[in-house]
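Should a chain be cited, it is by its letter among A, B, C and D, assigned in written order, with residues numbered from 1 in that chain.
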Amino acid sequence: MVTTLCIKELLWMMGGAIEKVKCEHKVLSELDSACGDGDHGTTMLRATNQLEKVMTAHQSDNLQGLLSDMGWTVLGIDGGATGPLLGSFFTGMSESVAGKQTLDTEALTAMFEAGLNALKKQTKAQVGDKTLMDALVPAVAALRAGAEANKEILQILREAAAAAQEGAYSTKNLKARFGRAKYLGDRTLGHQDPGATSISLMFQGFYDGLSTKWEL
Amino acid sequence: MPMKKFINKPENVVKELLEGYTLAYPDKVRLAGNNLVVRAIPKVMGKVGIVTLGGSGHEPGLSGFVGEGMLDVSVPGEIFAAPGAPRCLEAIRLADRGAGVLFVVLNHAGDVLSANMTMELAKKQGLKVKMILTHEDISSGDRDHPEDRRGLVGFFPVYKVSGAAAEAGASLDEVLAIADRMERNMRTLAVAVKTATHPSTGEAIFTLGDDEMEIGMGQHGEAGTGRMKLKTADKTAEIMLAQLLEDLEVRQGEELLVILNGAGATTLMELFIVFRRVSQILAQKKIKMARSLVGEYITTQEQAGFQMHIARMDPDLLSLWDAPCDTPYFVVR
Amino acid sequence: MPMKKFINKPENVVKELLEGYTLAYPDKVRLAGNNLVVRAIPKVMGKVGIVTLGGSGHEPGLSGFVGEGMLDVSVPGEIFAAPGAPRCLEAIRLADRGAGVLFVVLNHAGDVLSANMTMELAKKQGLKVKMILTHEDISSGDRDHPEDRRGLVGFFPVYKVSGAAAEAGASLDEVLAIADRMERNMRTLAVAVKTATHPSTGEAIFTLGDDEMEIGMGQHGEAGTGRMKLKTADKTAEIMLAQLLEDLEVRQGEELLVILNGAGATTLMELFIVFRRVSQILAQKKIKMARSLVGEYITTQEQAGFQMHIARMDPDLLSLWDAPCDTPYFVVR
Amino acid sequence: MVTTLCIKELLWMMGGAIEKVKCEHKVLSELDSACGDGDHGTTMLRATNQLEKVMTAHQSDNLQGLLSDMGWTVLGIDGGATGPLLGSFFTGMSESVAGKQTLDTEALTAMFEAGLNALKKQTKAQVGDKTLMDALVPAVAALRAGAEANKEILQILREAAAAAQEGAYSTKNLKARFGRAKYLGDRTLGHQDPGATSISLMFQGFYDGLSTKWEL
């Protein structure tokens, strides 16, 4: 049973997320056209392209350094709402792994929780407000539940991905209360939130990235 | 159908437009640092700097107003996307001439997120900077929820009066107070009749029926709440001005600044015809049109429509408005 | 499909736009006589007056440039239609401050017919007036037939330098000589990608395929001779600039003024990208870009496309170009 | 046999021309769209509306005054190419009738010839250049031929109208050498010139205006 990750495995996870998002960027822009300004996919593509460069360039075993570089990279792109939100998610994660070389399930969960908390400092959006929170909050909760139950890492990540996806779907029936979409009110009903969809794709990718490599 | 825009690769649009812009006005602006637009000749030491941020694709807004008497540094983002905090921080450093910096932010989710993060970082680094949020679009929130209101062309008078105050040697607190006074006394309402093409995706940014217009449309095609059948210029002016005057609670005898800002494809010809009606209505109501401007200050590609902006002026604001300035897209002698 | 323009009755467009325009800039311009646009404060006695005529629907051209340092009186016609001789004559009378008047005429059949008749009448009445015809559109006639060449945005530098010379107290012959020097040293070429709607008829003024552009398009959609598949910004710039440089016989080391004039719906963003390439090419050829402007000076409703204008400058022309001016749509400090 | 006209009959003729042009102004704009800027009909409508006012206001028997007022009116509108051309046609006619109260066939012909000569001072366009000259020159020649042959006025006007129409038709096969259309070169082939069409309509109207009233 796999219980700890080093930097290599974290890079696999991140790589899986990046691949997923790149592959689906057109869909993300289409979702953003319905209630936003149609650029969420382009922005995510810009972010992931930069993240790939950072990951490729990264040499040391320094987990914190990697995540911090990733966070600052995302903060540094012209990322509309996505840049600061996703960027602070990564910088938040980086702070929680200070000094660590490996992550057990508890540390991994704590890392994601720290990312979520950093993100919460940027926005007051809650579950139900039709934002990326609708996918992220349940995904992190699933991680916590799995860690408490001492489940295996891959299992936990799969459950988190499922929770994120569920959360992203749920945004279809919500009215937007944050971001550009909030001014559309009822007209946002029936459309899935692009930011939540990105988060769902990323969690899908965390799992895929880790599982495909580990199975090799 | 191919996109009918003169561009090269969509992903290079912002880089190339900034190069072209600064090459066209080398006496007034240049690029510095990480694609920041700065004055060709920096402000003298000891005066407050004015910095702004915002997505590209809205030219001449926002970088078109860098220059003496208005902005010191503008941080242009990607098409319709706010720039990240690191570049904003760099801009604030560049604009700091020892007297602090006013950071003017239009109320859009991405810009505000970036700006808040910038302010946090600036504070940590001990920089002296104050932020002002513009949110004067009356269609996007009611008067009890000003935080919901988007920032539209109102950035323009805010740049102008705060820039003039800074140039005159006012302190950061004084410049902020002026910007705030301008901000609290202004209102904007937009209308759209034809959509724009997104220069990266080649897609229409919204859709409208052949005989429809939408009042309350946001800067990037974010929909408003007043979709209706097309109206004449006079009728459109009447509907929009009535809402603005009511929201700002303008009273007989007061003095207004009026700006009509074209969205891109709407002609000056049409804006003049709308302006004529605005002017007639104000005269009937005995409200004084103290100053006025008709033109394109912030656009959304080839969208058709316009923003109607009114602001209550007082003698201080008027004299700051009238002060000379020299930027590529706004000059006052 | 209804016309998506903010107008009232089509037949009132010109009257209402002129009212709106002059109401918006009361400190700079006003209406006088029979719908003539004149300066709010007339030029002092003893200086040469500058007058122009031309159809409406091209705003800010031509009346947008009435003011100190440029025009004294503009005679706006109906939409795309030259005004009649009687109003032109009235304009010349109004502009005459005792030192004679320069009458700037863009080479279009209707304008020239009206202008010639005006000159005849003016002569009969003993008025001191000289006429200069602008005809710098290289697409509409070869170099041996300059009389075939249309007048496009080249009116703008002609107004600017002749206006500055007049302001500086030059005699009518001197002002004419400067205007003529500017005129002989300038060239323009236009490109169109999307048509405009005629505001009186509601019809498209020309048609173009979804993937086509046309180089050499005239000011009112009069077709050119270079219909081709859409090109990138860089390629379009290369094709057009090469033709202009050849026609003007520009040599290494010479100094140019470059103006990119948007047709209406083409964004500043695109014009900047085109300008960037122009600037690169000139640098490669060691031709100096002495001055430049990117914006909308004469438009054709919401047509998409632009005019590329180059002019060979000398020290006199440069200093007149740099002289201050103060008009609603062009200010130099 | 009718051989002289007074001001009343001249007003009938002019009224007939105006009616014809007003009725067909949309067609004239359409023709102008093909090779020009699409406004010839609007311009002719503006001209004829103004001419009607002048004619209604005209009180005296002064033939010269009427034609001169008409000419200045047309010169005074914002008439593009049409204003100066048509305006000088009328002012030219007015000069030739100085002092006259009635017009015989010779005087009527001379009047039109004077108009044509005034117009020729404004433009170098000749028959074959695809302009209004292609209709006007043959129409005036037909008047002269009829006058020489001592034909009756209505007969002469009918022949002039036929010649004008023939001339207008002939412009279809010509390449424009004047006006906005000249820059289109070969692309003007196949399109009838709007200015020539207006002239043809006016001559049609001269005949109709006179004949319908005279028959009453």
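Simple rule for what comes next: a contact is a pair of C-beta atoms (placed from the backbone, for glycine too) under 8 Å apart; a residue touches a chain by one contact, two chains touch by 3 or more.
If you're wondering where the values come from, they're calculated on a predicted model, not measured in any experiment.
Colleague: Please state, in steps, how far subunit C lies from subunit A along the shortest route of touching chains.
Modeller: Contact-graph shortest path, subunit A to subunit C, evaluates to 2.
Colleague: Nearest whole angstrom, what separates the Cα centre of subunit A from the Cα centre of subunit D?
Modeller: 78
Colleague: From the mean C-alpha coordinate of subunit C to that of subunit D, what's the distance rounded to whole Å?
Modeller: The separation of the two C-alpha centroids amounts to 33 Å.
Colleague: Subunit B to subunit C: how many Å between their CA centres?
Modeller: Their C-alpha centroids are separated by 29 Å.
Colleague: Counting only Cα atoms for the centres, state how far subunit B is from subunit D in Å.
Modeller: 55
Colleague: Where in subunit B do residues touch at least two different other chains?
Modeller: Within subunit B, no residue touches at least two other chains.
Colleague: Enumerate the residues of subunit D that touch no fewer than two other chains.
Modeller: Not one residue of subunit D touches more than one other chain, so the list is empty.
Colleague: Examine which chains touch each other and state the graph shape they make (line, ring, star, complete, other).
Modeller: Its topology is that of a line.
Colleague: Pairs of chains that touch, anyone?
Modeller: A-B, B-C, C-D
Colleague: Subunit B touches which residues of subunit A in the complex?
Modeller: 29, 33, 36-39, 42-43, 46, 72, 74-85, 87-88, 122-123, 178-185, 187
Colleague: Once bound in the complex, which stretches of subunit C touch subunit B?
Modeller: 1-2, 4-8, 13, 16-21, 23-25, 56-57, 59-60, 64, 193-194, 199, 210-211, 213, 230, 232-234, 236, 260, 264-276, 279, 289, 292-296, 299, 301-302, 304, 306, 324, 326, 329, 331-333
Colleague: What residues on subunit C touch subunit D, complex-wise?
Modeller: Touching subunit D: residues 14, 55, 77-87, 108-110, 113-114, 116-117, 139-140, 148, 150, 198, 200-201, 203, 205, 218, 220-225 of subunit C.
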